[in-house]
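Quick one: this structure, given as structure tokens, is what I'll be asking you about.
So that you can tell them apart, the chains are marked A, B, C and D in the order they are listed, and the count of residues begins at 1 in each.
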Amino acid sequence: MNEALYKKVSQSFEKQGFLRLIGAKIEDVEEGRVSISLKKSDALTQQNGVLHAGVVTALADTACGYSAFTAAGGADILSVEFKINLLRPAAADKITAFGRVIKSGRKLIVTEADVTDESGKLIAKMTATMIPV
Amino acid sequence: MNEALYKKVSQSFEKQGFLRLIGAKIEDVEEGRVSISLKKSDALTQQNGVLHAGVVTALADTACGYSAFTAAGGADILSVEFKINLLRPAAADKITAFGRVIKSGRKLIVTEADVTDESGKLIAKMTATMIPV
Amino acid sequence: MNEALYKKVSQSFEKQGFLRLIGAKIEDVEEGRVSISLKKSDALTQQNGVLHAGVVTALADTACGYSAFTAAGGADILSVEFKINLLRPAAADKITAFGRVIKSGRKLIVTEADVTDESGKLIAKMTATMIPV
Amino acid sequence: MNEALYKKVSQSFEKQGFLRLIGAKIEDVEEGRVSISLKKSDALTQQNGVLHAGVVTALADTACGYSAFTAAGGADILSVEFKINLLRPAAADKITAFGRVIKSGRKLIVTEADVTDESGKLIAKMTATMIPV
């Protein structure tokens, strides 16, 4: 864990009402890499009792966004667009999104996230384009 | 509003804990078209006070999924993948996602959603691939 | 047809060796809207004799890129990313990609394209993020 | 190189007129992994003299499609949809697309491709959903 970066990510993270609502938690922060987890609860499910695609996506987007944030020299980050493939039902009790920067440019930062369950099985994969503002 | 389809969509909708959590509401149901809205609250925001990208995405995915559901003859629908472009900050008090089927196949149903604010301004655009199961 | 914009698009278009190779042709140019067509030939097919996904995609990307170009005040345009859904086999003798701007920002231009066959049937749908440089 | 799989991929590959047109070449075939390369020529460029996004995309799509093909037990493969981020101008003399399966299901196969230049620098990244038919 990079403590200086963790502190910066944490300060921004705490301002996000929605992350509190879904119970997202910072797991790790390194330069260009951030992982975020959450635990399943009934309030986060869809009609079959697994985590809603919107929850999985929000977690992946957050991990992507903060991985970009660690590479952006203090600038705030907005999501321009992302695409996610939902590979398996998110039936796990806890999922973690591992975000990483794959290209850091002056104008745009391109990121990816793997979302896995406790056993490391891949549940979803996101590619996201971020913009420093 | 197609009342028979509304009833079916509504029964599935009510099983989704996450849609209750974010306060999503069915606005309209026609064959191949479903619109879903939600109101902004502090619990749904990101660090700048606008709606979190994950909330906008969840709403768009839900509108896409249920538009596919109306075209799938009673089958349950899962999201295979989607891509969303976040075009403007979601600063509105209420947003609505208008989902529609653009290709209904036997194996896959491809959908789109426009997410707009109260004035009809486009906030986000999603393309989503759904699978009947 | 907007003749002044057509001339500018045409000058750039003619510099693209690849568009000559695949026989792409400008059909229409308006502000924020450009359509490009091509005719099927054996050199453009995949293993089943229909147009290769790469050809359909190149046409859609070109229509998106030039629609952004008409909105960018003379700046050159690069594709940041795009996503395409291939809805039907491209078995037609001629296909046309209709590109249009859906959000023109200072930093990024977001575009869409429908690719249709001669009867207007939708073959593919693209969303593309463009950057003026 | 898996020779048995290479032979099957090669037989399909040779039926694709478009791959011949752009000079694509099979580099490696393993179960779940296929790499395809091509050399830059003036006929493959866009207005700035670098490889056209459509060429980069066609190569990535082909590597994704054949990686899925190696995992599909002989079924033919069609591209359902893909998304590509174009990370750097494709100015290299030769580029290679490394496709791999990230989830092989009965109904759909999800794949990724990295496109790199001769030095291994990442030029583009694709995620593609394939369907066995």
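Methods note: a contact is a pair of C-beta atoms (placed from the backbone, for glycine too) under 8 Å apart; a residue touches a chain by one contact, two chains touch by 3 or more.
The structure presented is a predicted model; accordingly, all values stated were derived computationally and were not measured.
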| item | value |
| --- | --- |
| Chain located farthest away, centre of chain C as origin (C-alpha) | A |
| Chain pair, A-D or B-D, that carries the greater number of C-beta contacts | A-D |
| Between chain D and chain C, distance of the C-alpha-averaged centres to the nearest whole Å | 21 |
| Chain A and chain D: spacing of chain centres that average the CA atoms, whole Å | 28 |
| For chain B paired with chain D, centre-to-centre distance based on mean C-alpha positions, whole Å | 33 |
| Residues of chain A touching at least two other chains | 80-81, 83, 85, 110, 127, 129 |
| Chain D to chain C touching residues, read off their complex | 12-13, 15-22, 41-48, 51-55, 57-59, 61-62, 76, 78-86, 89 |
| Chain B contact footprint on chain C (complex, rising order) | 83, 85, 87-88, 102-103, 110, 112, 122, 125, 127, 129 |
| Sites on chain A touched by chain C in the complex | 80-81, 83, 107-108, 110, 127, 129, 131 |
